Amino acid sequence: AQVNNIIQVEDQKHQIQQEIHNFTKLCFNNCININSSNILNADLTTNENQCLTDCVGRYLDVNLQIVKTLQNSK
Amino acid sequence: AQVNNIIQVEDQKHQIQQEIHNFTKLCFNNCININSSNILNADLTTNENQCLTDCVGRYLDVNLQIVKTLQNSK
Amino acid sequence: AQVNNIIQVEDQKHQIQQEIHNFTKLCFNNCININSSNILNADLTTNENQCLTDCVGRYLDVNLQIVKTLQNSK
Amino acid sequence: KVQEEFAINTAKTLVDHATEQCFTKCLKAPYSVNSSSLAQDNNCVESCLAKYLRSWNEISKTYVGRLQQQPPN
Amino acid sequence: KVQEEFAINTAKTLVDHATEQCFTKCLKAPYSVNSSSLAQDNNCVESCLAKYLRSWNEISKTYVGRLQQQPPN
Amino acid sequence: KVQEEFAINTAKTLVDHATEQCFTKCLKAPYSVNSSSLAQDNNCVESCLAKYLRSWNEISKTYVGRLQQQPPN
């Protein structure tokens, strides 16, 4: 039973990690500007940081809006 | 044996559903115009509808053409 | 034991094949020019061939650079 | 039980794909939250979802119809 | 039997990827079927497939050659 | 042992995604190797990787914070 518990917790952790990977791909791609002029600059700017946070937040908002609309339409 | 049959049928249904998901992603992306001017318009136009049908049809044509070419080249 | 060995070798071959599929998708997309003017031309040009080879080579270089940087930062 | 799981998976994939598509089509970086365009974004998502579901239905019909004419090899 | 399945999987993935790439590169929305450009589209797919297969071979050689010089860690 | 495998998988996915993103953002076809811009490309990858890791951390914090406020249904 304990082994099953550990596996279940790890499984949930795995899903969350997977989501973090997906968000990073999407939001990095849309928020972070990589080009020859800012090379060697390893820090995120304030705007980039804010964009990443808002990107995740609004993605989850859109997801929630869609789930709610589908539940109400049943 | 009956359980195996049910699983096999469900597996085939699963593959077909997966294809429908993939086609919807591809063809929605290429046929449907979402922008601020047509928001709150939830219907598909005649052109959008036709584009979706042709998108699936011609994708399957390309797939068949490729399978046949490969079979003939063996 | 021998069965396990065969499965392991096949598994490694599977991973390599998977990488080849992924590289072909990425590098074909970036190196090969398909348009109406070069249809019926089934050969790769010298430039296209070189681009494919360099695409794979430099992708592996970037991968190695990233692995090394992460190992050094530990 | 297999069928139940199947229906849940379909719904889940539909929600995931619609979220991805409608987020990409309706919202643009830098995704600022206090934007005055929040209501407009929500309307766009609503309309996008409706069109996505109709597209899914249309494509199901087309694909299943084609499979009946000419089964996969 | 493992090896047979392996070869079938490789062929299947190759067909799937080539279909996806050549559909996207050769055909454009609205994908009308009665287009006078049907023959041209088919030629484009033929050429695209040939180039895709050559690319796959070229990349196999390059990748396997590199793995022999420097095995993966 | 499950946890070890988990950490290895996370690192592997991170490397794979960063390679894909930074290759695409820093290098352009025809990818010629003897280019005088080799050092510049490497610097770009270095900077891209650093930003990718910081983005991953930032997004982890945001997402986990949100899950704590409002658990997934």
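Should a chain be cited, it is by its letter among A, B, C, D, E and F, assigned in written order, with residues numbered from 1 in that chain.
In this section, a contact is a pair of C-beta atoms (placed from the backbone, for glycine too) under 8 Å apart; a residue touches a chain by one contact, two chains touch by 3 or more.
What you see is a predicted model, and the numbers here were worked out from it, not measured in a lab.
Asks: Go through the assembly and pull out the chains touching subunit C as well as subunit D.
Replies: none
Asks: Looking at the contacts, which chains touch subunit A and subunit F alike?
Replies: Of all the chains present, none is in contact with both subunit A and subunit F.
Asks: Comparing B-E against B-D, which pair counts more contacting C-beta pairs?
Replies: Result: the pair with more contacts is B-D.
Asks: Which listed pair, B-D, C-F or B-E, reproduces A-F with over half its contact pairs identical?
Replies: Repeat interface, by the over-half criterion: B-D.
Asks: Which chain's C-alpha centroid is most distant from that of subunit B?
Replies: With centres defined by C-alpha atoms, farthest from subunit B sits F.
Asks: Where the centre means the average of the CA atoms, what chain is farthest from subunit A?
Replies: Greatest centre separation from subunit A goes to chain E.
Asks: Report, in whole Å, the distance between the mean C-alpha point of subunit A and the mean C-alpha point of subunit D.
Replies: One centre to the other, that is 19 Å.
Asks: Using the average of all C-alpha atoms in each chain as its centre, how far is it in Å between subunit A and subunit B?
Replies: Comparing mean C-alpha positions, subunit B is 28 Å from subunit A.
Asks: Which residue numbers or ranges of subunit B touch two or more of the other chains?
Replies: If we look for residues of subunit B contacting two or more partner chains, we find 31, 57, 67.
Asks: Give the residues of subunit E that touch two or more other chains, as numbers and ranges in rising order.
Replies: Answer for subunit E, listing residues that touch two or more other chains: 22, 26, 46.
Asks: Which chains make up the ring, in order, starting at subunit C and heading to subunit F first?
Replies: Starting from subunit C with subunit F next, the chains run C, F, A, D, B, E.
Asks: What residues on subunit D touch subunit A, complex-wise?
Replies: Against subunit A, subunit D makes touches at 11, 15, 18-19, 22-23, 26-27, 29-33, 42, 45-46, 49.
Asks: Mind listing the subunit F positions that touch subunit A in their complex?
Replies: Against subunit A, subunit F makes touches at 2-3, 6, 9-10, 13-14, 17, 21-22, 25-26, 40, 43-44, 46-48, 50-52, 54-56, 58-60, 62-64, 66-67, 73.
Asks: Show which residues of subunit B lie in contact with subunit D when the two form their complex.
Replies: Residues in contact with subunit D: 6-7, 10, 13-14, 16-17, 19-21, 23-25, 27-29, 31-32, 34, 36, 38-44, 48-49, 52-53, 56-57, 60, 67.
Asks: If we count contacts the way the header does, which residues on subunit B are in touch with subunit E in the complex?
Replies: Those in contact with subunit E are residues 30-31, 47, 50-51, 54-55, 57-59, 62-63, 65-67, 69-70.
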